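The next part holds the structures, each set out as structure tokens.
In the two assemblies presented below, chain A is common to both, partnered first by chain B and then by chain C.
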Partner chain A sequence: MKELLSIDDISVSYGNIKALQQVSMHVNEGDIVCLIGANGSGKSTLLKAIVGQEPLVSGSITFDGEEICRARNEVVKGVKRPRILTTDLIAAKGIALVPEGRRVFADMTVEENLDMGAFLVRDEQLIADRKEAMYDFFPILGARRRQKTRSLSGGEQQMMAIARALMSGPRLILLDEPGLGLAPLVIADIFEKIDMINKQDKVTVFLVEQNARMALKASTEGYVMENGKIVLHDASASLLENEKVREAYLGE
Partner chain B sequence: MFNFFLLILIYSGIYALMALGQNIITGYGGLLSLTQAGFFAIGSYATAILTTRFGWSFWATLPAALILSAFFGLLIGLPTLRLKGDYLAIATLGFGEIVRNVLNNWDSVTRGPMGIQRIPMPDLFGFTINPYKKYAFLVMVFVFVGIAYFIFQRLARSRMGRALSAVREDEIAAQSMGINITTYKVFAFILGASVAGLAGSLQAVFSLSVTPGTYTFMVSVMVLCMVVLGGMGNFKASILGAFIIQLISYFPQLTGLSSVIPPQFKQILFGLILVVMMIWRPQGLLGREETRYGKKVAKSRKGGAR
Partner chain C sequence: MGIAEFFQHLMNGLTLGGIYALIALGYTMVYGILKFINFAHGDVLMVGAYIGLFLFDWLRGDSPLGLWTLVAFFLAMIVSMGFSAAIGMFIERVAYKPLRKATRLAPLLSAIGVSFILSNGAAWAFGTHSRKFNYPFDNSAIHLGGVVITPHQILILVVSLVIMIILKIFVDKTRMGKAMRATSLDQGTAMLMGISVNRVISMTFAIGSALAAVGGILIALDFKVYATMGTMMGLKAFVAAVVGGIGNISGAMFGGILLGILETFGVAVFGIPTGLKDTIAFGVLILILLLKPEGLFGKVEKEKV
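Then we have the complex of A and B:
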């Protein structure tokens, strides 16, 4: 299977604090890959690095064979060439981020939010079709299309954030804690949708979660992060059986 | 008395231009900038110097003033727009003061505190637009306000308006939608600056003389006041705000009470207006204009093949 996103040996620092240390990960096209870890282990930093919000100290990130992030001052072919695509350019390559805490445009209606998601799409008919597809996929959004996003519940907002990300027609969707602060039933619903997005729309999913059980059940491959390092990597089914994971993350 | 009212209307028009610019920066882009006085001054001095020293006609200086202030908008926009909120306000406030101090001290070009007098009146097809006979001037000012309003209104409903609203609401989300936030912020800044330059140009041919004392920090505050009073994110409201604020600031003279009410009175009143508005009507008199971007697309879907 083709490798879509590859993260090679990246490090990120906040001043003296090393948030990520030589992290390497690979996401194959068509997979759901999850990254689990405790608070402050560096999961969100990794996502920020992928979308160009945090500069790399070392290493590089490649998407679909093209380098999108490289550490500053890295020497390439004898020339010092920092090359960091800005977030908007990375989005244009086909990576959609569903940020932590949803970050919806609260004062816009659901419909306007979806329109914003399709900012890079110039074909109006395509936008209209995609919106219609989103309303079919998340019926609650169709019912609330004229409502200000502010008035939606947490679960609805999360669904809207996912729908908004899908509006750009991405090849890879990055989900930062989609289950954050939601009721277990709602979380189950959202994970079901994520699975459908992957199976039906063939969108590769990279999922970052604290809820290890949900994430591992939903995904094909899993990584475990501790203190800015990848400590485990295996098929999700095996990770669910792993002694260490069961003890530390599944509370068994 | 009626003549005086016309004067207030003309100043309302000139300030309305600046307020429109401030609205695209603050109301749409969510950037608290306090530089309008600086761009106002640059526009005024561009017209004053080019007409008196180089014999340009007023109409030729207009685009020059516009481009010059737009250029300065770009120049200070690029470094300062990394800043947010109050930090941006402080940095831009500094720029306004720099402009005023340069005008005050660069004697060889601006004649310093003496200012530049005897600016020729603008001509249009052999007809002199005499600022002492206010009607023609009033019409000219409001033609410009109309044009600026039309252009800004169109822009606000375009991709740019949508992008700016998204940037105002959430920068990170906006970026991950593929919006280049720097481009759009700087663009808003350039637009706001150029329209303030235009206002400056008009101010120069209205008062027929320019002195650095006109372009104080108070001007920027007044313009911000107009936008907040009218309603952020609403261009009609900015024009209304400009009129109300001008009416208030000339209220003592208008009613013949200037011997009783001290001139500082208006500053107290502006402060009071801001406080009262923030408590009871933070969205401004008219509130934000609702732009329904979705409507157009929804219509096109019905008309589509499906």
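Then we have the complex of A and C:
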């Protein structure tokens, strides 16, 4: 299977605090891969690093065979300086992030938010078609298309953030805690949608969650992060049976 | 006060306010995106007025007032808008962009520096005397009932109204306009959508500076062109932006017009001495800051988690 995203030995620091230490991960095309870990273990930092919002101290990130991020100090003299892509250019490569806390454009309507998700799509007809597809996929968004996003509930905002990310027609969608702060029924609904996005639209999914059980059940492969380091990597089904995971993350 | 007198003051207030609004838009759009007050904005207005003046005089030559002078005036205005837009983008690129990650005070000080460079540069290059910007039409007053309206006032009303409508449509309906709003709401997330924040910022400075040029040319017809003409005008337009709620485009339009009306009525109706006219704006500023610091249309910054 083809490797779509490759994270090689990356480190990120906030001053003296090492947020990520030599993290390596791989996401194959068509998979749902999850990363679980406690609050503050560095999961969100990793996603931000992938989209170029956190500078790397070491290592590099490759998407579809093309290097998109590299640590600046690893630029060797004499060698042609690798391009460190800015966030908007990384988005243009086909990576969409649904950020933690949803980050909807609260003062814009649902429809305008979706328009922004399709900012890179220049074909008006395609944008209109995708919007209709989103309203079919998330009927509540269709019903509220002319409402300001701030009037939506948390679950609706999460669906809108996912729909907005899908508007660009991404090859890889990164989801940062899609279940955070939502009721169990709403979470189940959102995970079902994520599965459909993967199975029907063939979008590769990289999912970061505190809710380990949901994430492992939804995914094919899983990574466990502790204090900025990857401590476990296995098939999700095996991780669900893993003694350490059961004890630390599944509360059994 | 009779009805005619009331409408007279209202007309005067609306025209003054229309110009304040045009200039206030530049402050508010830049603030909305960068959370930074561009104190050189008033001086861009002055540069725009000079460019407009020179172009108009050159295009007009010796022709008598007529259709050509009017065409020449609008040509001069449009070209000046283009030049001012380029100047605005250049200032941002050179004086503000390198400071984007510095403390918030740094770009502010840089803007004050740019303001002095522009006004002193203009005084050096064009002299300290004020130059007359001739009316491109016969500006004799028109009597309508008891109200006296000049063609210049009509020009101001029409031009500012048209520009504000175009701007509103641009911001509400077009792809780049929406990208501008998204960027002002959340820069990081806007970039995730593939929006180039640098381009949006450049565009914002271009639009704001072009509008300032229009405002500069429109007031120059009444108040002449000189190197420091942008200072007081800029400050008052800034007050208008704060009154309307800085960062809010409709607020800036409303704040500008409100300020124009308050100044006119303050002098004419409430008997504030003409010499103290300029204090009205700043009195209003202090009142707003005390009573509704976020401005009339502003929102209290609050994040829903």
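Note that the second predicted complex is superposed on the first by the 243 of 252 C-alpha atoms of A that agree within 3 Å, B and C clash if a C-alpha of one lies under 4 Å from a C-alpha of the other, contacts with A are read in each partner's own complex, and residues count from 1 in each chain.
What we mean here is this: a residue touches a chain if its C-beta (ideal position, glycine included) is under 8 Å from a C-beta of that chain, and two chains touch if they have at least 3 such contacts.
What you see is a predicted model, and the numbers here were worked out from it, not measured in a lab.
Look at chain A after the overlay: chain B and chain C clash there. In the superposed model, A:Ala128 makes contact with chain B only, not with chain C.
Shared-chain residue A:Arg150: touches chain C; no touch with chain B. Applying the stated contact rule after C-alpha superposition, one finds that A:Glu111 touches chain B and leaves chain C untouched.
In the superposition on chain A, A:Thr62 makes contact with neither chain B nor chain C. In the superposition on chain A, A:Asn28 makes contact with neither chain B nor chain C. Legend: residue contacts after superposition of the two complexes on their common chain; A:Pro99 is shown touching both chain B and chain C.
For chain A, the partner that touches more of its residues is B, with chain B and chain C as the two candidates.
Within the superposed three-chain model, A:Ser6 lies out of touch with both chain B and chain C [touch as defined at top].
Shared contact residues of chain A, touching chain B in one structure and chain C in the other: 51, 53, 86-88, 91-92, 96-97, 99, 103, 105-108, 112, 115-117, 119-120, 164, 168. Only residues 51, 53, 86-88, 91-92, 96-97, 99, 101, 103, 105-108, 112, 115-117, 119-120, 150, 164, 168, 181 of chain A touch chain C when the two sit together in their complex. Taken in their complex, chain B has these residues touching chain A: 159, 162-163, 165-166, 169-170, 172-181, 292-294, 296-298, 300-301, 304, 306. Within the complex, the chain C residues that touch chain A are 175, 178-179, 181-182, 185-186, 188-197, 304-305. Chain A contributes residues 51, 53, 86-89, 91-92, 96-97, 99, 103-109, 111-112, 115-117, 119-120, 124-125, 127-129, 131-132, 145-146, 164-165, 168 to its touches with chain B in the complex.
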